[in-house]
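Next up: some structures, all given as structure tokens.
What follows is a pair of complexes built around chain A, which joins chain B in one and chain C in the other.
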Partner chain A sequence: MVVKVSKPAINVREELADLRKPTGIAGEAMLRAETPQEQQELIGVGRRNIIINGAMRVNQRNLGIVSVTTTPYYIADRFSCYNSIGSMTAQQSTDAPTGFAHSFKVECTTANASPGVGEAWIQYKPEAQDMYHLAYGTSNPKSMTISFWVKSTVTGLAGFYIYQADGARAYQARYTVHNSNTWEWKSITIPGDAAGNFDDNNDTGAEMRWYLAGKAGDDNINEWGNGSTHTLDRTPSTYNFNSAVGNVFAVTGVQLEVGKVATPFEYRSFAEELALCQRYYWQTESWRGGQYAYDQIGQGFIRTTNTNDSPVTIQAPFPVPMRVRPAVGPSTADGAVNFAAQVANTGTTIDRIVGTWTSGVRMAWLDFNLVSNPYSVGQAVSVYCNGGSYTDIQFDAEL
Partner chain B sequence: MSKLIGTNPNQVPSNADLGSAAFMDKKEFLLSKGSSLSAIDVVVPKSAVDVFVYDTSKDSDGGAWRKRCQHLSWYNERLNTTTRGTRKEFPAVAVIVAESDTVTIYDADDSSMPMWMIFNTTSGNMMGGSTSLNAVEMLNSNLVVGATGYAMQIDFIKDYGSDWYTNQLYEYKGNIEQRNDTLGFRLIESYGIINSTVNDVAMTVLPNAPIDSATGLPVPTIVVATAGGTSIIKNDGTVVDINDALTGREVTNVIIRGNDVTHWNVPNGTVQQFFDALSLTSDNTSDCKYNYSYGGGGGGTENITAMLLETLDSNRHLANGKTYKDIHIANSDGVSKIHDGYDREFSTNTFSIFDSSVAYMTSAYNTGWMNGDIKLATLSDTDDTDATDANIVTVASFTAGTGGTVSTSGSQLTITQTSGSNGRAVSPTFSTELGKKYMFTAEGVSSSGGAGFRAEVRGPEIVNSLFTGTSYITFDGTGGGLYVELYCMSGVGGSVTYDNILVQEIESDRSVNGGAGVGANGLQVFGTVAKTPVATGADLVAYSGFTTSNYLRQPYTTAMNFGTGNICVNIWAKHIHSGGNIAYYFFDKADTDGTNRCGAYYIPSSSVIDFYTPTGTARASNVSLNNWSMITFIRSGTTSYVYVNGVLGGTQTGVSENLTSNDETGTFNIGVRFNATEPWSIGDLSLARVSATAPSAEQIKKIYNDEKHLFQENAKATLYGSSDAVTALAYDDDTELLHVGTSAGRSVFQGLRRIDNTTDAVGAAISASNGMVAED
Partner chain C sequence: MYTIREVNGGRGRSINSDTGWCIPDDPANRHYQEVLDAIIAEGAACFDGDIPEDLQAAADEKQFNQQLAAYTTATARLAQYVLADGRAEVTEMQPTGEQVFNEETMEMEDVMHEVITVTSIEPVEATVTRMVYSEDDPMAEPVEETIENPLITKDSEERAAAQAIIDATPQAVIDAV
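Take a look at the complex of A and B:
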């Protein structure tokens, strides 16, 4: 045999007009961009991460290690978990990959090696209006890419699920855990959905879940489908976090961004991340033996001389406007040791919170009874957290 | 201009050397040259085991490294020797030819393609001592040669060579200038590749590859296919081995697809896909998620559309495709063009990955895309000989064989057993044609003395023993000397009577279900169905002339029992002749009593296409089939759909028809209704496929857009020539052309259509990049 080499003749004019560059489609697009703004949009610089608290740094509830079963528990802000198959503990953990300080970690405490029904997951829910720009339901819906670090005792394929609340559409994907109990970075690109929808409002936009167990199957993977029919297949049948006590699953560095490429994690300042979280939840900081003793809740006045007719009413301003009028809790605090009122330089003990008169998205009116009421109507009053066992006042506008 | 290739490397051409070009400005030069540079058309008298077109513009720095080599040994090496050409600088485009014992780099910047550098494999040389080189590839200045004995890695910027062995890494004791000076090697690491017999090499640069401070380039990742498995030489210098077992299971071919590795595992007989393999940090035997097997379907751990195999598992080749989801697999039987589905992530034993597609391209047919769990692929021939129902063996020609007597009456044949354990009726020998398929049909109608029925095809020995009802045996044409036998299976004195005894050529099912064996693995021809090219000069043929007595029918087969599950029928049609206000059937599937039915027809007077089932009909309106059109009929869940040319035309909900035959009389009919009425008498049909997987709208659009090119004038669809044995395979990712070498020449495919071919036999290798093709 011989070696034959051939190449068609080159038209120099054509080549000059069509200078070949070692660039792909994305590279060509960059070169063709006419403004820096276009280039920024192409490579997704600037604010990219739709996820709030993806690094699991903010943990306002500060619950420690919590036993989780069938009530969704928020641990790190904006992230919750659930387990109706076995049981598990959940916590904000300092076990994290390089560059991260915290993770959302769950550990199996009651095993169920053969889950028949039920499910277990870690969940994040963005607001619909924060997903609206993905243009779902149009002829040109945008892809999005979620990336995250994961550490799992159980190896193999695991399931990630996203549900459009407004479009009632579901997408189920798989990622592979290669090595047990080792931090691994994953990215999943989710195509746009011309049949989907994200409303331009402050309701739930999506339910995004890292499935730990349950709803097993392997159909309908990697395609958008009707949420009412995509009811299974959320995790492969081979993956079961609940298979043994002590199994761990942890996630951090969660980033959701527009486009088909996962870019490096977007770090935000703690102050900014905290403020973003407080749109959904915040709580007063009661005495825990630390720096937050005597955190002021609000200021108001004495409206009656009675002790049990909500004589103290105060305004509690919110650190940031909240998503909706928050639920305020606890509704009945045994406040004997938890709150104090400062009235005309004389302290007294608040009995309990009666409820809110009104609650907007920027502040709430809180009413308190008094153990004794030697004050005059109209006197100014300031209510703050007292020492002892803590009872925070919680303002919850979570999705 | 002869001095320009003289012996003095520092010579400067004079104006006299340059001739008129010396006095032209660039505009005048272009005008004088007619704006073109000559084509390269060079023959190198070498017998290559592999070739590689190395285009340095594809390196991470676009080949800029070539300008930073003035200090290196090979740059300053004496030129114009037997192992060094006339040019110092590394060529922008090089053609690297590996013979069994020599590697030669040619300068493809020069249209005469002179030798630039030669590596000899004398023992102790940089290229090692093997006289059995197998593969060559180069990227980011790293030349990697796979040999029986080692994988040699030579870095032109580092001026350095290293030799990968089984669990050992050596370095050459000299630089590239000293490559042929037999300076020997020294051991530098006690780790290496899994096996020293290296069959194939693939390279890539990962997006996050570390920059080598010595070269300024990202470190490439190298994957080698060896006699013991596949080793990944990672860009951090570590090595990870992958296979389905790490115990001497040979891998012959390997390619990289994105972050995945795909290799051909010979003992397992499959092409295995390892997802995210380039991210592995330790040896792995369990991450194979796809297994492109000859059988397709579900396996122990894998599940995917089948690749083509009709005869032998040999001449193995792999090539990349347009995206990381595309792969080309070739062997002695042709090319399998595969597009992975959405379900790239796979978990074991769930039989879930049925949304991939495959198209088979041979010298005789092109199936078009077979989607998912394919059940039938037919009307894909390029032979325009009409299909007929000629019976090769007549009943009267059967004679008595061992242990029996034979009598015939009309179409019936009776065997009475006279001795031994059975009595036989034997047909005369008959001839068959290679590449065609045949079916032996016999209906057992009555028996006495407890006798049983048995049918056999002899030549290939295919036995259908103790059947009831009608026996179907599908067999391949293998030339002459075949015969068939019918048995009376009983004690002495028993008898059996057969009817409807036929040996006929059939319309082949080109899918994985169409192989030889017991069963109706193809379509029986009734009457005559005409075959003519789908367009003037086109390869693919159209099937026409359907009437109530001329049609195609697949007898009952369990493969076509869909129950209440999904079904997709994809078929191309063209309306040519005028018709009445009636339905003209594309296909119809039903039991003989019309139950368990789905069918589709066109009513030209109303311009509608219906996908009918007794529980609901989906209709596409305002349809014109005056040009070739692809019609796709889907039942997914309980909704049926009709697509025309990839566009949804109509849907129907509540379609719950059970499509499994109640009584094993279910047939699949093409060109007629289930009872052979309402024939497609108004035009042509082609490329029919039936699948148990419902494709997505996107997949349907892709199928249409790929296949429509086969219906144009002069559209070629097959491998050039008559050989299916692929000798070499290459994909040019710049031009998106697939090059397929056979003994007849090199076929060039764009998508499913062959757009060009050469007529010189291709030997062991093809490489193609940016339009340049090197082939042995």
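Take a look at the complex of A and C:
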């Protein structure tokens, strides 16, 4: 039996023309990628943002408007600022671009037209082990791209600076503020550094700064170099945030990612962002929703009957393991009403925290004094934030 | 002001600040580093009682490293050219990679050419002119004023600051470079 099969004629010229699909530049880059790894880097899949709290949402300290001096002040969690020129204030602000609720905002309150040798900046410090995968110090170091929204009264070239703490190497970059007091999105791609280094540990990996003033100059830009020479021109000679009272600089939507492309901001849930921040800092919550929260600090026992010999010892568990052993302190000066204790069935007040001792990062042992101590050794104690006081206990393991 | 307090029934210690912070013995903690900074800046005045030997030793080591870093940065700053003077071009003879036979010496010799290793930079203008307007009389004609170029002023200030750091650096630190 003979079977005849017929197929429609093919116009080869038309078929070839169909191959010229409008893929666009990104599409062609995907097609040219030789490995799935290259394609992943082009798309930016998975967890991308190395920065914690880049949207400035978490603000556990809730300090309000702070006058900034030469002690680095942490305002929004993980972000700090410093000032040795004129004077300025800093705050977590609700002034933000579309899609963001908050920003880190500073405002000049005393001008200094000629900053001299002082400086002012906003800083973020990642842990070294969170930068390790950039493979600095190898023959194939990876580029990284930082993107952010910025609003600045002063226009023109502005300075961004990154210093590798382990490699003692620095990179000074520039971005342009086009319009005064207008939210603008910026991205800076920083090449990999074969001579650099990020250790695999929990120390400071980098100091990343948005320079507001100081260390002005225009040399050694856009190249990695020795930290002692490439740290001299952190601010363009034309930029000075402190030039006039009322000048504002705000930043949010900060994202640092591997690769040469800035992808859209990676939004994380508030709960996740808060937990990430608590590795570095957390505090109790004495006041919530317009009333005292009586937040618990920890539980323990009466160790001695001597009132002033730190008779109360408690364990204060942390919400997440912290980076290192934290310093522990009250958010306001110690006082008899700041904290309270429940001993057996009796309420009493704590005189002050005496000390902290722990070898771990999951909880702290804390010793307290009591105002009076009519109790017995071994009695159970629960210590909490007192009603009538807004004082919290802070646990600080920031970089 | 810091105080050492015994904790855990005398089996441990806590470094306490007068603001109520209890600081662990952990160099990775930034508050611990602030204690060292206070010892460097204020000495015994920052402690109620004697400074523990281990803290004093840690502060001394930190100060040495800070002075070393500051000295290195300051020398690098002074090595930069003076804006008012500009920078002269520097050239040197380098082999091109080719070789020719020298009949006199009967040896192969590198062909050399002159290469600019440091480009020249013109000095900035020594002075700048600006218009000064009267604060008292807005209708008055502005007055032209000639001042030293602010870039030169700033350069001089930074160089002086760098020189001051170098002058104040202990010899032991300089010897360690």
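Here is the rule we go by: the second predicted complex is superposed on the first by the 345 of 399 C-alpha atoms of A that agree within 3 Å, B and C clash if a C-alpha of one lies under 4 Å from a C-alpha of the other, contacts with A are read in each partner's own complex, and residues count from 1 in each chain.
Note that in this section contacts are C-beta pairs under 8 Å (C-beta built on N, C-alpha and C of every residue); 3 or more make two chains touch, one makes a residue touch a chain.
All figures in this text were calculated on a predicted structure; none of them were measured in a lab.
When the shared chain is aligned, chain B and chain C each come close enough to touch A:237.
In the superposed model, A:271 makes contact with neither chain B nor chain C.
Look at A:173: by the touch rule set out above, it reaches chain B but stays clear of chain C. Comparing the two complexes, residues 219, 229, 237 of chain A contact chain B in one case and chain C in the other. Every residue of chain B that touches chain A in the complex is listed here, in rising order: 30, 33, 35-48, 51, 57-58, 62, 95, 97, 106, 108, 113, 275-276, 279-282, 284, 287, 342-348, 350, 352, 637, 696, 760-761, 763-764, 770-776.
Taken in their complex, chain C has these residues touching chain A: 5-9, 11-14, 16-17, 19-24, 26, 28-32, 69, 72-73, 75-77, 80, 150-151, 154, 157-158, 161. By the touch criterion given at the top, residues 1-14, 20-22, 156-157, 173-176, 178-179, 217-219, 221-223, 229, 236-239 of chain A touch chain B in their complex. Partner chain C is touched in their complex by these residues of chain A: 114, 116-117, 202-203, 216, 219, 226, 228-229, 231-232, 237, 303-304, 310, 313, 323-330, 333-334, 352-358, 365-367, 396-399.
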